[in-house]
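Several structures are given next for inspection.
After this come two complexes, each holding chain A, first together with chain B and then together with chain C.
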Partner chain A sequence: MGRFIARRILWMFLVLFVVSLVTFFLMRAVPGGPFDKERDFPDSVIENIEARFGLDQPLIIQYLRYIGQIVVPTVTEPGPPRSTSEDYLFTINLPGGESALRWMNFGPSLVNRSRSVTDMFRENLGVTFQLGIAAIIVAVAIGLPAGIVAALNRNTIWDYVGMGIATVGVSVTAITLGPFLQYLLGVELKLLPISGWGTAAHYIMPAFTLGFAQAAIIARLTRASLLQVLNEDYIRTARAKGLNGRRILWMHVLKNGMIPVVTVLGPITAFLVTGSFVTEQIFAIPGIGRAYVQSIGNRDYTLIMGTTLLFAFVLVLANTIVDISYGWLDPRIRYE
Partner chain B sequence: MTSNVTTTPETDNNDVAYLDDPNSAGSKGYWADAWGRLTRNRMAVLGLIIIIVNMLLAIFAPVVAIEGIDDQNTEEANAAPAWVINLFPILKARDETFDSSGGEVLAIMGQQVNEGDLLIDFAGDNLTASVAGTVFVDARRFYLIPDTIEVARFDISDSTRLSVSNLDDVVAGDTLFGDTTAPYDGVVHIVNNQLALQPETTWRRDGTEVQVENLQTVAVGDVLLVREDGTEVLAPFAGTIFVTRNNVELALIPPLEFDVPEGSEIEIRDGREVDAGTVLFDDVTTPITGDAFIVDNKIYIRQSEQWLLGDSGLTVSDTQSVAAGDALIDTSNRNIYANMSGTVFIGGDDVILTASDVQRYDLSDNSVIHVADEQVVSIGEPLADDVTANIQGTVYVTDSEVLVLPVSTGYTPLRNKYPIGADYLGRDLWSRLVFGARVSLLAAFIGPLVSILVGMPYGLISGYFGGAVDNWMMRFVDLMYAFPTLLLIILLMAFFRSSAASTQPGTFVYQMGEIDRATGGVFFIFLGIGLTSWMRLARLTRGQVLSARETEYVTAARALGQSTGQIMIRHILPNILGPIVISETLTIPTYIRFEAFLSFIGLGVNAPTPSWGNMISDGAAVLRNYPHEALFPALALFLIMFAFNFLGDGLRDALDPRLRGVD
Partner chain C sequence: MQRVIRTLGLVAMVALLVVALGVISAQDMMDNVLRTEIGPSDVPTLDPALATDSSSIQMLNETYIGLTMLDDETAATAAGIAESWDVVDNGDGTTTYVFHLREGIPWVKYNADTGAVEEVVDADGNVRYVTAHDLEYGWARTLDPMTGGEYAYVLAYEIVGGADYHFQDPEAEMTVTRDDVLFGAVDDYTFEVTTDFPKETQLSIYGMWMARPQPQWAIEESGELWIEPENFVSYGPFALWEWNHDEYISIVKNPFWPGTDNNPVPQLDGVVFNFLDSVTALAEYEAGNLDDVDDVDSASIPRIEADPTLSQELVIEDGSCSYYYGFSLSVAPMDNVHLRRAFSYAVDRQQIVDEVTQGGQTPATYFTLPSLNAAPQPDAMEELGFGIGYDPDAAVEELDIALEDMGLGSVDELPPITLLYNTSEGHRRIAEAIRDQWSDLLGIEVQLTNQDFGVYLDQRAEFPVWRAGWCFDYPDAHNFLFDVFSTTGQSDTGYSSEAFDALVEQAAAETDTARRQELYAEAEQLLVYEDAAIIPIYWYSDLELTKPYVERTYAVDNAEQYENWSLNR
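Coming up: the complex of A and B.
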């Protein structure tokens, strides 16, 4: 078990390494640079700007320096960051108060030069994660009960209605559901704010937009999985033994039926993170997804790298946790 | 997802003889049998029909579309036909502004109008009553006789014995019925229990002595002509005389008169019909449609009283009384009608129709007005002595009233030119929708195509040879698979685009860029989807091959000395095709969604090329005012994904009945 977890985590870092490498060199192979949009500077000025951000160095040095800034913790004087190039995401004041341990510096934004990428994360990442968590809650809170009800009432009206809605659900995307909800609930019924971020009411439509398709997937999967479990011998045994229905449902059916559902949580996290690109744009939410799309157009190298790594980290972490959780849920599964 | 667990029995053995299914008994093959099962699944058939309809629309897009994808028609911007406006209440419940330049405004300041009233008459496209009057219709023409003329009407009963029949020409003094005679020359119209006499207003000149001059005003009974036989033609009504080459015409509606200043050049020709909006001289235009007469330095526009029916749809009936502003003939699709009850305001070139929440203040008790016409007021500002504005808006002062028009929030012109309306550039949504179907459907087929061309052989080789080859090939797939797909596609898109844009002609990358430009930006999307789509199928194929190569028929083939290639293609492949087809069909919505996502965030197709993704993106920007622009493409996207999902479900049930109802 311990060896398996260690291997999974190693694999995770290998993936992140490849992602960072591919992203970095792909991004740098793209013609154009972050300073293209400025007025026509003399070459000497551009050279100075590039030297300021270390873009004149060989690519491999730039890559190593960038990764180093993020991965390697440093000890500096305590206090607020001195410049946008030295803005660390985590700061721990060491005992004595004369130095602070800092970690994860994503560098200055090359386009928005008064800000650091770390600063943007601090401001925008929370929003994206809040939205993602709200969407997961919507997905699970709708999908799970719907799947259970459908499975326990197989071939009844509940089953048909639930699965009908689920098929509709997997066919909608954020870009179809978002405008539709905005129109219905925001424009026509005026129940919810059409766009923006801030109050509790602002969460409802984006979370639903993002989570509904996933709720449908969870509902279908839960139903399928429970139906399989309900036919198992050990359920029949439990019934024969005279256990009461509720106990069978909670202890036997649900615990075993949840395994496949857990497997999709990884891809679902991926959906929720990547779906945020579009959802944030539709609802004008100040999250990191919008910043990412903009950064690619701007060739804001540090922001592209930072956000790609961050998204990749979330996705890979989610998949790793799912992989590890199989064994905990189902002891029959042996780790390689 | 890197998983060590198989949660679906896809990698189970692949015996394909479903002897337990009674439908598979007999000599039908596997695929014929599956087709039979598929066609019995109602939802799958529905999905298939939607897909086929979409494909037909996409293939015949140039025929089905009304216009090209980038035919901008500014005056149609954001317009929608009536049924769309009725579908989205928000389109109805707001102020409306219509551009009246080039059209004749028929409503008057502050007039209360009702749904369907005609507001603006665009030159040449339709006719409207320019005066309140009476309409007469005969076989080829219809006539409008103004209310100022008293038309002779006689009530007749069923027992009345008429001396004339419908549409007879009569001259003054002819007997109509009993001892009733015609009071003037005219045409008889009999409708229900009434006989109306449509006055004659045009007389031939030949063989007569003209007693009147051009533009002379005549009174009832004035002598107009003296015929050869000595009989006189008397003016039946007061009016203005126009003497043309062949006719003497009595205009019942007073003509419009324009003084042409010296030095101005008259831009019309004498005797020609002019449309409302036609420039007469300098910047003076005629507000009505009629015949122009130039006399010295004056231009007279004689309003038409008669029109050819032609192919137009007549909206009035014979001898009906109409009021100014009612539509008479709807000859084209460019009419503007009031689409809600409300209040009309006319300012400059705009006619504004606002919903009923207009503040009206009656000026009858001589109070002093504190505001100027078209002044902007906020709530609480005094309008007159003891009246303050209760809404924010623009003031309109008429002779008897002060009105406050609420601040306009936008408008949706009602136009019937396009079946589902136009976008913000006035481009036909329907045409863009059918051309957009091409992009979506191509994405739906390119994804599986690349998967099958690349992923399947990859998995086949990896699974069949096993060992170190398998290990390395699968490690690579695992790594690529862990890469967030959408991030990779977004990066690849940016990479392709800018690389192709900055390379010199003659290179490979430049050629790719040329292909992309020629396909409207579709090529790179497909390249991006293709590059990321094959990994999943490679894994699935490998799993299938692993179990298939242990079966007896493969062992038998090997014992018979068949080559590796033969075994792979002739024995393994046909047996693992079912799960592959199922899996790819179920993944098609994902490819469609990728394309829509990319186009939505602006990394997809190039600007004028329509894709449902960028149509939704454009529409979402104006969703508050014109929801139809986003919701129609969204509905199309939903329908096609819905169809492929059901088809995929149906295919799975049909090809692999063991899975039926499991998921």
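Coming up: the complex of A and C.
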């Protein structure tokens, strides 16, 4: 188990390294830059600004410098950052109070001139995670029971209604569902706030918008998986042995039927925590997903790099957790 | 199992209801604060030296007043923090402007602990007032090549030595220093600048955002973070109130602002600008949570016009931009002027405006916005027979000449033509309509391609024809014709005409507005007809929804002056 986790962590660093390399060179290969406007500024103006952010250096130097700022810890004076290019995610005040160990500097945003990418992580990341977790709860709370009910009542009205809704859920995108909910629950019924973030009520529409499609996926998968398990010999054996129905359902059907569901739960979690771009835009939620989408159009290089690495990290982490949870669900699976 | 689910469902419903009710009752209503939106993304900066985009400039226009300001409804140049000015002809081809500043405008800062705007004091406890030295520091910082301000060069050209100083490589040794640039404080309330090319637009350029006073002490103390709410100082009608990045920014009335004729003491206590997508903004407006929407979702216009309430609250006014298609004059087959003219004649602008954009835009027969100072007027242009509009017969005629010129038998022998636009639903619909018009009338099948903004800007000079727009920085025809299409200008068309350059340079030096209009009219005729470097398509409109209880002005340049607004709820 320990060796398995260690190996996965090593693997994770390798993945992040490759992602950083590919993203960096890909993003710089695309024409256009962060300082392009309809107004064609004199070349020297753009050159001066690029020099300010070190964008005039050879690409490989820029890459190494960028990675170095993240990976290599530095010792500086203590206190809050004075510059957006010296903002570190982690600060440990060293004994004596004269210096501080700092680690992980994701650089200044090239577009929002008073902000660093680290600062955006600090302020916006939490919001995206909260929204993601709320959406996971919606997805599981709707998807799982719907799938179970449909499977246990196969070919009845419950099954058809549940799966009908699931089909709609998979097909309707956030960009349609979001404004629809805004008009229905916000403008017409005045039940929920239309946009913004802060109170519990602000969570409901975005979490539903983001989680509904995933709920549908989970429902369909749960149903299919349970139906398969219900036909297994060991269930028939359990029934024959006279085990009561509830015990069979909880101990045998659900536990075994969950393996495929847990498998997709990893990517779904990563998707919900990171894939909230559209939902954040529609509901004006100050999350990192919105910043990510805007950064690409803006060519905000440091922000593109920072958010891509972050999302890659979340994705790899979620998959690792899923792999570990297999062993608990199915003892036959070994960590080799 | 089913019972559990049913119970859970019930609990969820109840919880939802409780939360919803709680939200509505807890909504704090601030009576005299205007709630509006300012587009989907955060304001990039509040630094006068660095601002380039409309939302940053909007904030600066409320917190930092320039030497001169624009009247929001007429765009005429009015006095700002300069009470008056003298124009001195030095007799050596240079002209010096001497600005006399208003006294008693304190620097202020919102104190979140006391909830009040307070005057800023120096180390000795004396109130800091806006002086000519702040202005001198601001100009020097803006022009410093190390500062990296994109708009600095607009100011640089208007000062003797400014361009030589600004366009230096800051990493090499600087041969021109700040002292070689002729501007500075004479005393605390007198500021001087010398130019070698005096023209009518100068006064408005000296008042632009990058030419405003800047607080040296605050910038040196807080570095790049000086524009964050805990550090930001200002002096205009409003002060920065709160800035929750990516959520909203708000400004609060500055009680210490003395008020000028053009920028009076505000009647509002504050303005909250939410960062909202246009669809979301409209929903918030309909729900009564916004008092005004600046950026009306264009796809919702038919619905708004059909709605009895919304249609009453909608105002369509002249916008600040011109929409056109540019030709790359050296890319075949658009190197042929007759073909370009045929393409331009074949565009039915009225149909585009009526059936595609549907937002009250005005079909354009030339480039410059008619609302600008010294801009040619549509009726005058028509009287002169100038400009280019939809004319199917002329289009076919020009096409025949073009084919003959190129020695081609039919349009099928033309090299393939691709139209480039930057990715957007609106641009796509216009491009499709124009493609169909070209196809129907000229029989030429044009391919469409789109790229995201960065790629599009980079590549458009390689495409024969491409979509473009231009919005004014300062309200004078000079900003359209000279800044974009003179040989030193900004355009990717590759247009370069000695006759055109002579006309716009002469117009710039001229002081009589009627004479300037005539010269610009001739320049337009060269641009859109004689040389047909572009296809003027329409002048933008500006759609705004405002609740009936808001008394307001409509700013022609889209930078609203909220100090002229009031609420009568």
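One rule holds for everything that comes next: the second predicted complex is superposed on the first by the 286 of 336 C-alpha atoms of A that agree within 3 Å, B and C clash if a C-alpha of one lies under 4 Å from a C-alpha of the other, contacts with A are read in each partner's own complex, and residues count from 1 in each chain.
What we mean here is this: a contact is a pair of C-beta atoms (placed from the backbone, for glycine too) under 8 Å apart; a residue touches a chain by one contact, two chains touch by 3 or more.
Quick caveat, the model's predicted, so the values are computed rather than measured.
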Partner chain(s) touched by A:S114 [first = chain B, second = chain C, both, neither]: second
Which superposed partner A:V22 touches (first chain B, second chain C, both, neither): first
First (chain B), second (chain C), both or neither touched by A:G54: neither
Partner chain(s) touched by A:N124 [first = chain B, second = chain C, both, neither]: second
Which of chain B and chain C A:L14 touches, first, second, both or neither: first
First (chain B), second (chain C), both or neither touched by A:L192: second
Contacts of A:G68 with chain B and chain C, given as first, second, both or neither: neither
Where chain A meets both chain C and chain B, residue numbers: 30-32, 179, 182-183, 187, 194, 281-282, 297
Residue ranges of chain A in contact with chain B within the complex: 11, 14-15, 18-19, 22-23, 26-27, 29-32, 167-168, 170-173, 175-176, 178-180, 182-183, 187-188, 194, 220-221, 223-225, 227-228, 259-260, 263, 266-267, 270, 273-274, 277-278, 281-282, 292-293, 296-297, 304, 308, 311-312, 315-316, 319, 322-323, 326, 333, 335-336
Contact set on chain B toward chain A in their complex: 1-5, 7, 43, 88-90, 479, 482-488, 490-492, 494-495, 498-499, 501-502, 589, 593, 596-597, 600-603, 613, 616-617, 619-620, 623-624, 627, 630-631, 634-635, 637-638, 641-642, 645-646, 649, 661-663
Complex interface listing, chain C residues touching chain A: 1-2, 5, 8, 12, 16, 19-20, 22-24, 26, 40-42, 44-47, 50, 52, 145-146, 148, 150, 152-153, 167-171, 222-228, 244-247, 274-277, 279-280, 283-284, 286-287, 289, 452-459, 468-471, 473, 490-492
Residues of chain A that touch chain C when the two form their complex: 30-33, 35-42, 44-45, 47-49, 51-52, 81-84, 108, 111-115, 120, 123-124, 141, 145, 148-149, 152, 179, 182-183, 186-187, 190-197, 199-201, 204, 246, 249, 281-284, 286-287, 290-291, 294, 297, 299
